[in-house]
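What follows is chain A paired twice: with chain B in the first complex and chain C in the second.
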Partner chain A sequence: MHTTTVRSPRAFGPTRKSFIRRNLPYFLIAPSVVMLLALIAYPLLFALRSSFYFWNLQIGPEPLQFVGFENYVQAFNAFDFRAALTNTLILSMLGTTLEFTFGLAIALILLKALPGMNVVRALLILPTTIAPIVVGFLFRYLYDPGGGLLSWLLQSLWLPVPAEGILGSPSTALAAILLVDIWQWTPFFAIVLYASLLAVPDEILEAARLDRASAWTILMRIKLPLIKRTAIIIVMLRFMQIFNTFDTVLVLTRGGPGTSTRTLGYSLYEQGLVNFNIGLVSAMTWITVLIVNVIVALYVFFAFRNEEW
Partner chain B sequence: MTIDIGNMSRRDLLKSASVAALVAGAGSLAIPRRGAAQDANTVRVLSVEDPFFFSMKALVPEYEKETGIKVELESLSYDALQSRLVSAFVAKTSDADVIVVDQMWLGQYLDNGWIIPLNDFIAKDNEFDLSDFIPEVLYSSNIWRGQVGTLPVAAYAQGVMYRKDVFDELGIAAPPTETSEDWTWTKYVDTLKSMEGKSFGGKPLFPTVVCGSQPSPIVHMFTQVSASHGANWFKSFPAAPWDFSPQLTSPAWIKSVEVYRQLYKLSPPEAINYVWFDAGTRFAKGDIGMFYWWTPYFYLIKNSGYMTGKKSDVMEKYATAALPKAEGVPQTVSLGGWSLGIPSSSERQEAGYAFIKWATSKATQKKMALWPDLNYQFSDFARVSLYQDEEVKAIYPYLDVQYAMMKQGNGKVTRPPVPGYTAIESVLGLTLNQLLTGSEEPKTGLERANSLFESILKGNLMIPYQKDSYADTLDGAKALIAKK
Partner chain C sequence: MSRRHTSFNTALTYAAGLLFLAIFVGPILWFIALAIRPAETAFTMPPQLTFEPNLDAFRHILVDPGTNARQLVNSLIVAIGAVLLNLPFSVPAAYALSRFKLRGKKNIMLWYLGLLMAPPVAFLIPYFILITRIGLQGSYFSMILVLQTLTIPFSVWLMKSFIDEVPVELEEAARVDGARWYTIMLRITLPIVRPGIIVTSMFAFVFAWNNAAFPLVLSSRSTATLPIGTLGYFATSGVTWNYIAAAAVLAMIPPMIIFLVFDRYVVRGLTFGSVKG
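Now for the complex of A and B:
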């Protein structure tokens, strides 16, 4: 008797299907995870390993010897690195705070249906589209003590301008770098916050107005809480961006006078791409990564304490 | 100890690339890389965008027409050039057949095997006349451990530029065109002080201008003063046996900082941020009495800005003079400039040598000098014969002064071309920049720099020195030249 065994499609079909279906999210996310590991985790781990070795490309292409925490000690003992860390923290904290404040103010003005606002909105985005290195050159001319517009403006307003120029004095140079950042990135806050404020339901605002709530109360009790998540995220992003400030420092001051405008980004550039001290720059990179992550973690913890994150 | 990059594994290359990418990411600076396969009939030349580049570029079509070889000429800024070169050499992916090498990079490039010595090419080439080059230039910029690593395409000394009309009106004696015991840094500062607080043409006059920006610009200018005062960076270099114990606390360094601070006080205060051409173009604006700088500024100040071609206010009103010296110390002039070399990774080394030979030849250098654009912008000759060429001298009347400075030059003493130079230059540049503001005594700042130098040099295995020393002398270089 000839018999033919026909396996029911159910014998393996549903099993395979359910396996794929069950693991579909992992399959979909796998390429991204692989890419992330390759592009972020591997270089970071490799840099961690390098930070424990003496490795200078000017002396040789390979790490020469294990030096333990010597590179970390050297980084912290270098007075320019400590100055860079301080300057970077000042720039990041002040820059983010001021840009957020000014950006919010501009966003609130944009909400008013004043004439010409369409043009203003279009113009606002322009500074953020210019490369930082170009902005640096632009401000170098604006700060020029021999007739630069900003120097002239301050002198016209009887405000003191240092004899060595705004960029030449340790007392004003860092503020000058900060001003450049504020000029370029405040519009970013303004545009994003404006978009968020547009999403605040009119009926809530109308109800508040009927209850005779003041503009300040509406801002603090309704608008800001409703755009809080967006605000937290963009503040975090900008903080991390300013922490890497490099281009404007290179063009405007090269970290001087002295160490007054040196930033971590500039120090990393100098040790990595000028001195080619890979061991030291790896240690400095890890110190930077740890500091940024600790600050961001604390910020996220407190900012989203009562929120879903 | 010799480090061979030829044995680098693929895995290590990937590691290096990863680190380079990480560093580039941290510094927000991408290193451009060209991936296209090279045309067999093409020579790729990677240069810095100094003045010589523009006149050389203007003549490249002529070279292409004569030889049928296409030249791909690319230029970068100073910092970007070394970043690109070192990254490429470590990964063995240099995309150039000819590269421009700064004087201080020579030791590092040859010791690491990144460029090849040119001795064999020169020895085989019956047409090549090495003896026409100024020995002091070849010694300073091109010879390392008895090998010719590069050939000079633009040789720089340092010299003085002053305003004839200002000196005449204020009744100040013109500085001499020849070195003498009477022309000292003390006299130079005194001459500047006689212009202090004066006006000229209804405008305030600054006696001088210096470079204050860290790290390279201020070091380039300051080290002329320190070399004049007999200051050495190390206990023993270039004389053998090499001992790289730093010597920044010596009286000569302290005296040099004091002189440089005096010069800064007589300069526009914003000079604290001046890079190379800021100082040069400031003189061209017309409110500076006298300054010293690299000899390309002998012609660059004819323009109102760097390579603008627009005539400056001082075009017909300035003259050049000899550098001052320190009392009782033989003069040492800072020599530097740019040279051409061949990367060991190049597959077209013969073609590279042919280009170098053409670019550094007397004929090409003369054509570069006679190129009329930008108000004639090239007189950085390394060849003796061009300093005696009447046609060239008619355009560049200061060549006698420049040649005299070249003959007193020693780049190995002023800015030693040792591996790891940029790291110690960073420390010195920052220290000098801080000392200009006067907030610290020179002795204190230099002691700190000396300590950092020692730490860096020990970390870089330079103290104690672990490789073979080499008795590097000018006479040795002259003997090498005479062999050809």
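Now for the complex of A and C:
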């Protein structure tokens, strides 16, 4: 709103006032942007420079030799890095899809507002509150081949459990990691989708029911389109979180057996903080950052094309 | 639709509710039980549901030798520090994004969002080397500083959604009375939006509290946080499950309480305010 009649008596001269006033929002945003740039730019530039050197902290404190793109070539040719890329894509695609589907199903059941169901809803969020490292320990206990609850349950149901344990067998380990992620994050989808579905106006749903639309049609044609923006944002956030997972893997399997549960996040951890192979890990970092950016950019471009802010 | 059909549906819904609790809360209770059960019953087959609870594991981790008591304090220092450093940066930015028309607002908001997607492990090595070179390794400040990459973008989004709800008319009235923008922000808007600041702080606290990646690299033995403490039991002297569980329960409880207390803000917090809950 612009008032021409009222002027603050304490106002400075026109030039000074207009400069500050015109740029005020930028002055308020700047500190956070500068802080974040300082924290983000350094690692990225550092990694960019290091990625062109042979540099291993176990051999020497400084970069040893300029090697050009050798680290990138090595990263791409490394069998375990490609395995990590595949595993990460499998985990993040399957994880996001399954968590969204299960979460939506739970949300629709919670919407049948029966007495007592709000307690269920409130408690359901608990897995999401726990630190990933702790969730890792929780599931190591459940998966333990020598008496873990989950292993025992499977055996009691006459389901085959690998002799090496669920986490010890290459055929089940990745699925076991996926299950952990689904357990922790399905409630997140359930609660968020539940809350946004609550906001769908009843009149629209009534009208659709009068037109004898089936529950499935109402869900696909009315409810989901109305909560699209929420869905877009949570799917994106979750996808990237799984993409960067490393702490659960660290606790549960350390990427093994073999390369069966290696993720990009874990590879970065291992090359950087276990092997101290700074040159190689820097190249991997940049490969990861580029992949992440391409995925996010494509997603944002298509998902937010018609959104108003 | 017949009455019997509806009551059948009701029963089915309750059954589903119980199933969800069994799946999503059951494992947590089972893990908490591990912390208070006699060590020798941890892996009995079939699982032993009844046992004589004791607090030996908690005594071990908190009192004698009490390694985790120190880590509990460290976790608190780091998480509270992260919140305190975060607010002066994120609140003004959120205020500006909520209250002013500005060019490229959508891009700025997406830029913050994008930072939340950066792989934290990718940044660990550069931070590790930088912090070591400037001699801050093992300090609380290094962890608190680096955590801002998570807490600032998150808080800006969440705070903006709270400030959006304060009626502009209140500020207009003050402006007509000749108040400056900072008086308006500090004396009118922020007091009204105090619940939002509290909720934002609590969520930032949980983020910092649950983070293990940064302390894993930046902490020293004396500044290690609780999640690092649980990892410690794993690395040394065989796996002592009761101690792990006790330390883990300690790490689990504050976020759980915060989420249950701020139940009505949970959705908004989890989606950084992008979805009004």
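Brief remarks follow.
Quick note on the criterion: the second predicted complex is superposed on the first by the 290 of 309 C-alpha atoms of A that agree within 3 Å, B and C clash if a C-alpha of one lies under 4 Å from a C-alpha of the other, contacts with A are read in each partner's own complex, and residues count from 1 in each chain.
Methods note: a contact is a pair of C-beta atoms (placed from the backbone, for glycine too) under 8 Å apart; a residue touches a chain by one contact, two chains touch by 3 or more.
The model shown is predicted, which means the values in this text are computed figures rather than measured ones.
When the two structures are aligned on the shared chain, A:Gly146 is found in touch with chain B and with chain C. Of the two partner chains, chain C is the only one that A:Leu36 touches; chain B does not reach it.
In the superposition on chain A, A:Leu268 makes contact with both chain B and chain C. Applying the stated contact rule after C-alpha superposition, one finds that A:Gln74 touches chain B and leaves chain C untouched.
Of the two partner chains placed around the shared chain by superposition, chain B is the only one that A:Gly168 touches, whereas chain C remains out of contact. Of the two partner chains placed around the shared chain by superposition, chain B and chain C are both touched by A:Ile278.
In the superposition on chain A, A:Val300 makes contact with chain C only, while chain B stays out of contact range.
The partner of chain A that touches more of its residues, comparing chain B with chain C, is C. Once the two complexes are overlaid on the shared chain, A:Ser196 sits against chain C while remaining clear of chain B.
Within the superposed three-chain model, A:Leu64 lies in touch with chain B and out of touch with chain C [touch as defined at top]. Put simply, chain A uses residues 42-44, 46-47, 144, 146, 244, 246-247, 265, 268-269, 272-273, 278, 281-282, 285, 288 to touch chain B in one complex and chain C in the other.
Of all residues in chain C, only 9-10, 13-14, 16-17, 20-21, 23-25, 27-28, 30-31, 34, 42-47, 88-90, 92-93, 95-97, 99-100, 102, 105-106, 108-110, 112, 114-130, 145-146, 148-149, 152-153, 156, 172, 175-176, 178, 180-181, 206, 209-213, 216-217, 227, 230-231, 234, 241, 244-245, 248, 251-252, 255-256, 258-260, 263, 266-267, 270-272, 274-277 touch chain A in the complex they form.
Per the touch definition, chain A reaches chain C in the complex via residues 1, 3, 6, 8-10, 24-26, 28-29, 31-33, 35-36, 39-40, 42-44, 46-47, 106, 109-110, 112, 114, 116-117, 120, 122-134, 137-139, 141-142, 144, 146-149, 152, 156, 183, 186-188, 191-192, 195-196, 199, 229-230, 233-234, 236-237, 240, 243-244, 246-247, 250-251, 264-265, 268-269, 272-273, 278, 281-282, 284-285, 288-289, 292-293, 296, 300, 304, 309.
Those residues of chain A that touch chain B in the shared complex are 42-44, 46-47, 50, 54, 56-62, 64, 70, 74, 78-80, 144-146, 162-165, 167-168, 170, 244, 246-247, 253-259, 265, 268-270, 272-278, 281-282, 285, 288. Only residues 3, 5, 8, 12, 15-16, 18-19, 21-24, 26-29, 79, 82-83, 86-87, 90, 108, 112, 212-215, 268-273, 275, 419-423, 426, 430, 433-434, 436-437, 439, 448, 452, 455, 459-461 of chain B touch chain A when the two sit together in their complex.
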